[in-house]
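What follows is chain A paired twice: with chain B in the first complex and chain C in the second.
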Partner chain A sequence: MSTVLRIILQRLALGLLTLVIVSIVIFAAVNSLPGDFAQAILGQAATPEAVAAIRTQIGLDDPPVTRYMLWLYGAVQGDLGISFAQANFTTFTGSSNNVTVADQIAPRFANTMFLAGVTAAIAVPLAVTLGILAALYRNSVFDRAANIFTLSSISSPEFFVAYVLILFLAVLNPILPSLSNIYADMAMGARLKATLLPALTLTLVVTAHMMRMTRAAIINLLASPYIEMARLKGISPLRVILRHALPNALAPIINVIALNLAYLITGVVVVEVVFVYPGIGQLFVDSVKIRDIPVVQACCLIFAAAYILLNLTADILSILSNPRLRHPK
Partner chain B sequence: MSVWLWIVLAFVGMGVLAWVGRRVGQMATSNAPRFRDMPYGVAFGYVFAAACILGGIWLWFLPGAVFFRWAVQGFVLFAIAAFVFRLVFRHVGTAATKRLFRAMPLTAAFGILVIIIYAVLAIFAGAIAPYGQSEILGAANVVPGGDPAMGGNPLYPLGTDQIGRDILSRLIYGAQNTVGIAFVTTLIAFFLGGSLGFLAATVGGWLDQLLSRAVDVLMAIPSLIFSLLLMTIASVWADGEKALLTVYMILIIAVIDSTRVFRLARAVGTGIVVMDYIEAARLRGEGMGWIVFREILPNAMAPLLAEFGLRFCFVFLTIASLSFLGVGIQPPLADWGTMVRDLGPFINFAAFAPLVATAPLMAAGAIALLTVAVNFVVDWMLQKSSGLKE
Partner chain C sequence: MSRLLTISDIYLEGRSEEVWQPIINGVSLTLDKGEVLGLIGESGAGKSTLGLAAMGFVRDGVRIKSGTVNFDGTELTTASAETKRGLLGKRIAYVAQSAAASFNPAHRLIDQHIEAPVQHRVRSRSESIQDGMDLYARLRLPDPDHIGFRYPHQVSGGQLQRAMTAMAMACRPDLIIFDEPTTALDVTTQIEVLAAIREIVEQFGTAAIYITHDLAVVAQMADRIKVLLKGDEVEEADTRTMLSTPKEDYTKSLWAVRGFTRPVKPPVPAGQTPLVSIQGVTAAYGKAKVLEDVSFDIPSGRTVAVVGESGSGKSTAARCITGLLPPVEGQILFDGAPLPATYKKRSKDQLRQVQMIYQMADTALNPRMSIGQIIARPVQFYMGLRGSALRNRVNDLLNQIELPPEQYAHRLPSELSGGQKQRVGIARALAAEPRMIICDEVTSALDQLVAEGILRLLAKLQDELGLAYMFITHDLATVRAIADSVVVMKDGRVVEQGTKEEVFNPPHHPYTDLLLSSVPEMDPDWLDNLLSSRGVDNIGDEAADKISVES
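Coming up: the complex of A and B.
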């Protein structure tokens, strides 16, 4: 057991290191901008004195290493700086009601998590069931139709899937709202209804990949001798798959689920924009358009952290579920 | 909520019907093997397929379901086209291509056909398109279909957009811009990632470590997020120069995607470097360039080609997504992602003016069709090269 613990701790340390390096990359990228934040806040018509005042105020005169340390120190404590879009000259020169990046991100982060949660709750059982069915009836009409359908939905851009769903479920048959109008104290049912269409879009994109991998993982095992044995004993095909193949295929399946949840993070950006869903992805895109650097930086860090975390989880779970990785030579 | 209730009831009904149907079949044929040995899932599958076909026929004759009819017509048309295409090339061409087409599944034939059509459109866009891509014509918001009674104009078969540019011309030029830019980007990514990957494999040591760790870090940031971050910075650098911004976008996506190519090239390269003929070339005193491009590259061609197709799809989708979000290919150039974003609101008119709603779907569908086609071809190539028969 101690070796397992050591391996997991090693992975965690590696993940943390990656996160730190990624934060350096993000910081360096943003700081390679010509001109500086002070100029960006005040615009073209700023007087040199005002620019200089803000430079000292937000500490742009410090060397980059110091600034990076301060930024990281703040970020760890949840202080991600002040949004340019919400800031103006007065907020920097005295008044106290600054809109911080953290204030902006926190409610939207919860919304995005809700969307991802709903998607995962629909997509994971659906994908695993369909994958098992496709493996059970492989090379049948069902399998081939599923293959074509999943390949098409993997390769379509998210906004195409989104618009097709809007067309059929919101415009032609008004079952679900085409815009996700979500506000703070909403009843659970209404909130779920408003989230369902973006969640369905993401489900279609993610399910396809998970289902193909589940099918491949099970079919890989079906050639092994113990499956042959089980079949020769006269067990029904469904039982062979559920009792004999699935437990051994669990490792790759869990891995693929974690990786696809990581993929969700990228998919969420486009889908949130299509449905005007008030999540972190939409905030990110809006900030990119108006060059609100602190928000872009913070969102990027959050996305990267979630991505690294999910990849790490996939890594650790695959080690835990595979004895050969658990006891390396 | 009643909709969900109906769906659940329909599934329960089909389940019962499957059981009853199998039972009746067993009794009517006095336990013929076909019914006796039929698993329940298969019986359910038959009932489900029959329900789907009946539902499809019902939808086809439903007066409101215009989009469904168009989708079915498009699907059948493409299937027939792919079938004819395959049939023709089974009898025309050299012996090798004939053999290739004889063993080809219909999906791959469809993919190749679509890729050829897109390539022709992209190369000859200037000659095919009736108008210029940013030419503002007389009338704005002309309805597609070319029927004057419905608000169309036969001069603009697919209508015009909000500021009066011909949608058909923009779709054709979109093939040139979107596909062309994605192709160039993929080429750069392959050149960069491939040569660095092979170099890391040949030299090894600290260079290999340095490059690999750098790639690991870049791959730890989700690619769309990273490209959005870098595009923000690039837009400050470009300072309003639209053409320059497009060049920056190509470089940014190429660099981000080259990390994935690097991984593959390095993995394939390390396998080849230990071969005897590399040893022989080294002993002959060949330089690094010769070893990478004349010894390793030809032997790593097959996996790299399949990867090229997949990478192209990813790059293409990334560029389309960036353009859709408004930070990709810039306005004077026509491109599909931007068109979807601009024409998107038209989809709300689908209920009473179906033709109007086709405009954004056509642009988004053009993107989807190409990626689906490339994926079909790559899928077939991988299946063929791995010899998977299951």
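Coming up: the complex of A and C.
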């Protein structure tokens, strides 16, 4: 077990290091965006004096390295700072109850996680089951139909899939709401109902990857001697696949699932916009528009962390799925 | 005895490049209950395909064109998949060549063992586990009550092969197909597996088809032998008749292969500096020591055979000589001068002097380069030849390995047979004009006739070019054929070394004795005699473990 533990600790340390490097990249990239908050917020009224005043007030005049260190120092302690818009607003109105970036992001992030969770709960079992069945009945009509359906859904733009679903499930057959009106203390059932359309859209987008990888990873193993052995023991085809192929095909499947889950957290802006779903993607896009650097940085950091964490989990699960590592000689 | 299996006039075809090519052409065979039939032939003879067809099974890309397979009243060629599943594992079982690849790495041995009896509802789970332990004990696996709870990678090759035989026995089938079950094993391990298989087949009165390319092995196992050549039956007879009076020329040629030997060379003059001298070399992978204080010399123009089982450090010694694995202690002298430990620090000329030929010619040749290009590479690199000089040299080399350049230079490795590929490997080594070539199990993957051709070629090249060979092998017949001197290794140490006469003639070191006596002989009583002389509990691997390398 110690080998596995050591590998896991190594991966964790590497993940942390990646996160720090990513934070530098994010900071550098966000700060090299043309224009700044002062100009964006002032718009037509951007006199040089006004711009300078706001810049000083929110600390945009400090050298980048200092700002990065301050930001990193805060971020490590869980303090992601105060959004420029908020800071500017409070000095303007003179009130002092600052809403931090964390406060702003938290509900949005929770919504995004909820959507990702619902989607994953539908998409992952669906994709893996379809993949297994496609491998079992490979080259059959079912296999081809599943391939064509998932491939066409992944090849269509997300907004198109979304509008088609709205047409059929909200307009022609008004079963589900076409707008995801989510608010803080909504009942679970209502919340689920409001989330279902965007979740279905995303399901159609992510299923193809996972299904095809499941199918390919299993079929890849079907020529192995131990699969032939299982067949020569008179084991039924379904059992051959579930018990003999699947456990050895887990590593690539887990990896592609992790990538798609990461996509569900970081790549859902379009779907959120179509359904007016109050997730982190919309907040992110809005913040980029007004160059609200603290919010943008925080969002990027969350996205990066989600990617790293999910890939790390996938790595660790892949390692655990290998009996050679779980049971050393 | 009653008839169990009848295959009549079966034609099998395999698809290659969209065309169906014949694999088996109208072979018939019969098998009675409790009888063992040996199927023998070179690779490509269609033995495995025929063996699987006896189970009503064909691999992807293979089909039964015509013929019938009747197993105890059931016609397998027309039976439904369900009917066949009911027989497979339960009444007909299979033991594959590579147990390491045929056990599922994700499950424990016992879980795989009980799968057939539980799925076929022959026995309950707990009964099956109990029975598994009993079979493990009968097959003399160490610690039979617990070994089943290990994963395949935690068990050695010989033990896995016996566990697979146990697995085949789980439902007490009427018929077992053994597909080269000992080919991948060392001689000392092979004996153990052979003895175990034979014993358990006799105990349960199981009929078997035993597929192998090794005549001496099949002589120990089979009641009758059938010889196949390229999908055709050559002849069939009971074992003793077949061994004493083979009728067909092809069968006789198989028997004759082991006759190749070289004349004894005069002894190396005393005081002559050996071409390569390995002096007190200790080497390790990480913390695991794989060589300990190994010393031997390779004289110019001679063949030194390094023998031992897998894991004895033979190939590691070669890696030390080539500089791929710098030794922890000791040094390698070339012509009396020390070589830098790692290849990175050796000069091009030092690198050129020692070349290698590998076991798997398949993986050692770049599949996308033509034979001409493969051989031209080292000629360019070491000799700096260009243009027509390069072409001429490549043609010379191809002529030396007896592959006419106009036919072979433009071909890809995939268009060559195994023996031809190995010849290309030899030409590539010769291209550097070395003084020594390390041959790492170069004939192990080849059929006997082809292997003999390679050995003859190597011998001819040695006479012409005065090459020294370090010949790594586990096959003592090969050693007998071409070695001048022999180094016997075990567990990373040299246990005995000397001229071939010294090592092969008594008195032997006990380990050498074990190795020599473990090589199967063409005598059907060989295994019986050996087992009774060694005692049942002192066969093969276990005996090897008892011999200390220090003695």
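The working rule: the second predicted complex is superposed on the first by the 282 of 329 C-alpha atoms of A that agree within 3 Å, B and C clash if a C-alpha of one lies under 4 Å from a C-alpha of the other, contacts with A are read in each partner's own complex, and residues count from 1 in each chain.
The rule we apply is simple: a contact is a pair of C-beta atoms (placed from the backbone, for glycine too) under 8 Å apart; a residue touches a chain by one contact, two chains touch by 3 or more.
Remember, predicted model here, so these are calculated numbers, not experimental data.
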_For A:R324 in the superposed arrangement: first (chain B), second (chain C), both or neither?_
second
_Taking the superposition on A as described, I'd like to know which of chain B and chain C A:S236 touches: first, second, both or neither._
both
*What is the contact status of A:V25 with respect to chain B (first) and chain C (second): first, second, both, or neither?*
first
*Would you check which partner chain A:N139 touches, where first means chain B only, second means chain C only, and both and neither mean what they say?*
first
_On the A-aligned overlay, A:I219 touches which partner chain: chain B = first, chain C = second, or both, or neither?_
first
_Quick check on the superposed pair: does A:V285 touch chain B, chain C, both, or neither? Answer first, second, both or neither._
first
*Check whether chain B or chain C contacts more residues of chain A in the superposed model.*
B
*Can you pull the chain A residues that chain B and chain C both touch?*
236
*Can you name the residues of chain A that touch chain C in the complex?*
223-226, 228-236, 239, 243-244, 247-248, 323-324, 327, 329
*Name, in rising order, each residue of chain A that touches chain B in their complex.*
18-19, 21-22, 25-26, 29-30, 32-35, 133, 136-142, 148, 151-152, 154-160, 163-164, 166-168, 171-172, 175, 178, 219, 236-238, 262, 265-266, 269-270, 273-274, 284-285, 288-289, 291, 293, 296-297, 299-300, 303-304, 307-308, 311
*Interface residues, chain B side, partner chain A - complex*: 3, 39, 41-42, 45, 49, 64, 67, 107, 216-218, 220-226, 228-233, 235-237, 313, 317, 320-321, 324-327, 337, 340, 344, 347-348, 350-351, 357, 360-361, 364-365, 367-368, 371-372, 374-376, 379, 390
*Can you list the chain C residues touching chain A in their complex?*
52, 55, 57, 59-60, 84-90, 93-94, 96, 98, 101-107, 115-116, 119-120, 150-151, 153-154
